[in-house]
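Input: one structure, supplied below.
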Amino acid sequence: MKLTERLRSLTRPVRSVPLARHLLVGLIAFLVVAAIIGSSSQYLQTRYAEMAFFAIAAGGLTVLTGLSGQLSLGHGALMAVGAYAATLVLERTGGETLADVFVALLVAIAVCAVVGVIVGVPAARLHGPYIAGATLTLAVAVPRLANQWEFLGGEQGLQVPVPRAAELPVWIQDLVWFFTAAEIDQYSFLAYLGWFLLILAFVALANLSRSRIGRRWRAVRDDDVSAELAGIHLGRARVVAFTVSAMCAGLAGGLMAMNVRLTAPGAFTITLSLTLLAAVVLGGLGSLTGALIGAGVLAFLPHFATDLGESAGLSATQAAEVTPVVYGLVLMLVILLAPAGIVGSLRMFLARSSLGQTKEKTT
Amino acid sequence: MFAVEDLSAAYGPVKALNGVSFTAERGQVTAVLGANGAGKTTLLRTVSGLVRSTKGSVKLDGKDITRTATEKLTSYGLSHVPEGRGVIAELTVVENLRLGGLHRATGSEPMSIERVFELFPRLGERREATAHMLSGGERQMLVIGRALMARPTVLLLDEPSLGLAPRVVAQIFDLLRGLVQTEELTVVLVEQNARSALSIADHGVVLNLGKVVASAPAAELAADEQLRHAYLGF
Amino acid sequence: MRNTARRAVQVVCVLTTASLLAACGAGKERPSEDGTAVGVTDTTIKIGAHFPLTGPAAPGYSEIPSGHQALYEYVNDNGGVHGREIEMVVKDDAYNPTNTSAVTNDMILQDEIFAMVAGLGTPTHRAVVQRLNDDGIPDLFVSSGSLQWGDDPATSPMTFGWQPDYEIEGKIIGQYVKENMPDAKVGLFLQDDDFGEDGEKGARQFLDSQIVDVQKYTPGGSTDFSPQMSSFKSKGVDLVLGFNTPSYTALSQIAAQGVGFKSKWFYSNVGADPALVGGLLASMTKGKIPAEQGVKLMDGMMTTEYIPGVDAPDDEWVKLWQKVWDEYSKKGSEKLTNYRIYGMSQAYTFVQALQANGKDLTRESIVETIEKEGASFEGPGLAPFRFSEDSHMGISGASVVELKNGAAEPLTPVLVTDIGDAPIEEDDSAASDAPPASGLPE
Amino acid sequence: MQQFLDTTLGGLVLGAVYAAFALALCLIWRSTRIVNFAQAAMAMVTTYIALSLINVDVPYWVAFLAAIAAGFVLGAVIERVIIRPVEGKAELNAVILTLGLFMVLHGLTALVFGVQHRGFPAPVSTNAMTVGDTSIGITPFGILTIVVVAVVMAGLVVLFRFTDLGLRMRASAFNGEVSRLLGVRVGRMLTLGWALAAAVGAVAGMLIAGGDLVNPAFMDPFVIYGFIAAVLGGLDSPIGSVIGGLILGLSLSYVTGYVGEHLAPLVALGILMLVLLVRPSGLFAAAAARRV
């Protein structure tokens, strides 16, 4: 008891500053993740990498929808913008080194920030079905721009150069070898990279949502009129939320390009935007943990469902249709039965039972 | 005869009506009075099934209509007249009236729209106007006229004077008084404007915090200074 | 602290769940590699391919893998190749390059295929060529006539074409039109990718001055081609050259009728199957013409031919395919089609390559074998392959045909050429090859 | 000139179908304040039902009626079972719900009918008509399309303006509580509204499919184009929806004909944003501007 108290007092500085606390959790999480990635097959590593970029996009979307109350069905389009931006940079730099990769991703984020403002300003004035319809149109329209300009590669898209393992800095290769006793290769590299950035992004988002900005978003979501009366500039708060969210989508798009190794309009369908929404709704609007769970489902469910469908005697093509049905059912059932999503419902359940406990104690 | 017995209703944990009983006689105006939040509107909404009652009953000529679906009440001859905002703003005057006549008291003769226009000549002048273009007084005439189209025997009126100029209120109450006699109506008049209401009512019921605190002939209530000060605000 | 701990626990929980989920279906151990290549054991060879089983390119093309599978089963039942049975994994990419990338990833990492054989489509396969070559996976007999499979073996050493490329097809068509219809005003109807581009390149060698309009379409985009056909009509086009997939042949015909555009039509082999397109056309018209009579709707259209098809039932090769199909088609009710013949012809070439390679099979050895011996493979192709160390291009020629009642009537002998300025020559030598009596390559 | 005429005629036909579709969205919006993002998928389902009938040699027009009936039933069932619980709740819920429905219907159709493209016949010729020697860019089927949409519109006008049923439906849509007090069975009217809308959507689906290839995604463009057409005319105004549909059809036809098909969605987005930001209640809404 004494010892734990001393420990607590020692760690107080870390715990009392949210950023430090989040970073600490992030670091621990990354070590755990790295251990898992290092010991997985190449196939699983690609799945983890996919989960990472879905989670980043879903995290951004959940901040937008869950915290500031705006809906976006256009995040597929924003991912497309990020993917094309990153691809164009990688094409020029060759994409061989780690620096190339980070430059490409930073450009993707920056471009999406700009696009986020451009889209966010009009979107801030819309609500409900109108913003849904407008962003859905965006999701359809933006990828088609690839057919307009030759340098975007048209329908067949652009090949994405990916860094070869040998080009990575030696210290990274050594570090990976030290921790996992396995050589880093393209697949594990993308998984490490994805999860590193995912954790970084989530720490940033978690911090943001605890900050003044996050509180403003919630105020705007819960009651825009009183938020406005309290001196919050509604439009500005919404545009900031949209931009942050767009930056996440941009990062996710950049990572997606590297994983898919091709950036083509066919990747950014309405279905992509809708499945992102499904991930966010499934996890619970506004919860980053929920976004992570949702992304896990996105990365693993299609393969699982397809296998299930095939073993149930469906042809391969029909089995592939099981997944969207599941996503759709998830959206509907969550709205009808558990509007708070998985994490939200769990939290309510826990809150109720802990409330019960405290009552018992006091009486 | 229209009777409410021991009626109770609640919004979540908050009791809005607590054992309300009173009767309203045919050919009479019964005023239900009380301050804002006393439960007057809840009373009407509970009677017409918009709010679920937790206890008690509502009887119309001895028949229990407590849990009857809202949509069926007009066929029993009971019309609930929401306050003036209850016009359907997007429909025209004629359409509002036509709508009122679609679901009449069972066995009753249809009432012609022209008859309503005789009662409320002002509406006749604006027959093709959409309701959102009407003034407050005109809207009030429209909801009353619309209710009459269903040939009711019991008319529940919710705050007909709300937001109207005193002159218009007087005009509408006069009309109402006249209707009670010609159509043999039972009128339950929920009003915050107690003074005007008591001037045309035969009987008065005073509500406070969901309970009946007084029930007496209108003249008696109007004369009770203490009651007036405590609950009726004049 | 509670918050922190809870968060950490949450993260760990999520990861554990994810790994468990993954363990359910995905996480297979890599097989031990003792001397043989990935995907090859003493008794099996596992290959894979991506096909559009769904989407706008699926009509027709989705039948190709069934041809492959029928022939492999025939081979397997006759003792396999050097004692090994061939197993083929087919994945649907819906003709969407992003899907191709994803399913190829799965085939490499999850199914662990030895080689990609007959992956279909220009835009689709283009998405994975680099990946396959990077990983040293043989990428054989791509089901597409794009140049990029074969014109640069230095960059893509593992990739081989199979059918005549679109450039030589364009050249052969171009020369024919120039010689026989010198006054025609030509409109090009192109798929908006390398497919259309390569075809245009070949055709322009001969027709540059005759082409008056170029219209393109995006696969998976709008299916209403009235604007394109209106443009042809307004420019006075009287001969359309189409480098497009079969559904789009049908859609362009419907749209042309819709805007009242009349013309002579010349479709690339890829999009000109009379049975399929005729069937689609029949089902889209008023009062539904029976599908069998749909082929008549294609009468007078021109195209090219480089392997014998169902319209030549007496051809020795077609007899073989018919026999194999009757015996091994999974759904007995389905008929032999040109697409299934295409698949079987391709599969035949692959079996030939495996035979020629001998018992010691590695990813490198199969490539070497095709480079050295591929040019002399005798098969159903009307013209020989061009395989060598310097070229991975497939069949070297075709003949121009006109469709009449579903059958192809030759307008020229087999014309053989190569990309670039190579001259076009008549050469019927490979057209007379007959299959061995066993039906198995020797 | 010839091309302009052809493009215009093509745009009118397309616009007529958008109009029908926007009308369906408008019917649902008016009755339940919900934008039904699953409308296109519902129409796709009914079209497949018709196609299955046609493929077993049921006459075209019987299949056409069957599609309408199927739409009617489908709309009613969906309203009763799925939509009823979220009516009057946060608008985000309804949006997500209908999007989920969109995905489910899409996937189920693919599972049941397969995903391959199939030809869909037209009841009349799809060849261009000729005036004298020159052919003009409209087909008998195009004319039929315009006529059918006009008939549907006229039918709805008659229903809403001149019948008691229409009056009840309108009243329920505008003010459910008051309508109930007047004896209107509001629940039934809302169900009927969805059923009618789905039936109109089914008609639109049949008109789009005729003489074309269908697959489970063939109605997808209508998710956005129908919405835009409806918003263009003001979601509340049936007449507005029709005009919005025609404007959109013509605009997109010109863009496709003269600029490029790939820019059509972008132009549509531009039109939508312009309308939403400049005249949020639509070009033809009679009521005062509502918040969007």
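The first chain written gets the first letter, and so on, giving A, B, C and D; residue counts start at 1 in each chain.
Rule of thumb we're sticking to: a residue touches a chain if its C-beta (ideal position, glycine included) is under 8 Å from a C-beta of that chain, and two chains touch if they have at least 3 such contacts.
The chain lineup, named per UniProt: A, D = Branched-chain amino acid transport system permease protein; B = Branched-chain amino acid transport system ATP-binding protein.
This structure is a prediction, so every number in the text was calculated from the model and none was measured.
Colleague: Work out which chains are contact partners of both chain B and chain D.
Modeller: Both chain B and chain D are touched by no common chain, going by the contact rule given at the top.
Colleague: Where centres are the averaged C-alpha coordinates, which chain has the largest centre distance to chain A?
Modeller: Result for max centroid distance from chain A is chain B.
Colleague: If I average the C-alpha coordinates per chain and also across every protein chain shown, which chain's average lies closest to the global one?
Modeller: It is chain D that sits nearest the middle.
Colleague: Which whole number of Å gives the spacing of the CA centres of chain C and chain D?
Modeller: Whole-Å distance between the two chain centres: 39.
Colleague: Suppose each chain is reduced to the average of its Cα coordinates; what separation in Å results between chain B and chain C?
Modeller: Roughly 79 Å separates the two chain centres.
Colleague: Counting in whole Å, what is the centre-to-centre distance of chain A and chain B, each centre being its mean C-alpha position?
Modeller: 57
Colleague: Measuring centre to centre with CA averages, how many angstrom lie between chain A and chain D?
Modeller: 34
Colleague: Mind pulling the chain D residues that touch 2 or more other chains?
Modeller: Counting only residues that touch two or more other chains, chain D contributes 110, 115, 221, 262, 264.
Colleague: So which bits of chain C are touching at least two other chains?
Modeller: Chain C, residues with two or more chain partners: 53-54, 62, 218.
Colleague: Check each residue of chain B and list the ones that touch at least two other chains.
Modeller: There are none in chain B.
Colleague: Which chains are in touch, pair by pair?
Modeller: A-C, A-D, B-D, C-D
Colleague: Along chain B, where are the residues that touch chain D in the complex?
Modeller: 48, 50, 70-75, 79-80, 82, 86-91, 95, 98-100, 102-103, 132, 146, 150
Colleague: Give the list of chain C residues in touch with chain A in this complex.
Modeller: 1, 3-4, 7-8, 10-12, 14-15, 17-19, 21-22, 24-30, 53-54, 62, 90-92, 96-99, 101-102, 105-106, 109-110, 122-123, 126-128, 130-131, 192-194, 218-220
Colleague: What does chain D use to touch chain C in their complex?
Modeller: Where chain D meets chain C, its residues are 2-3, 6-7, 10, 14, 54, 110, 115-130, 134-137, 139, 141-142, 211-213, 215, 218, 221, 253, 256-257, 261-262, 264.
Colleague: In their shared complex, at which residues does chain C touch chain D?
Modeller: 53-56, 58-59, 62, 217-218, 221-224, 226-227, 230-231, 233-234, 247, 250-251, 254, 257-261, 279-288
Colleague: Report the residues of chain D in contact with chain A in the complex, numbered from low to high.
Modeller: 34-35, 37, 82, 85-86, 91-97, 99-108, 110-111, 114-115, 220-221, 223-224, 227-228, 231, 260, 262-266, 268-269, 272-273, 276-277, 280, 291-292
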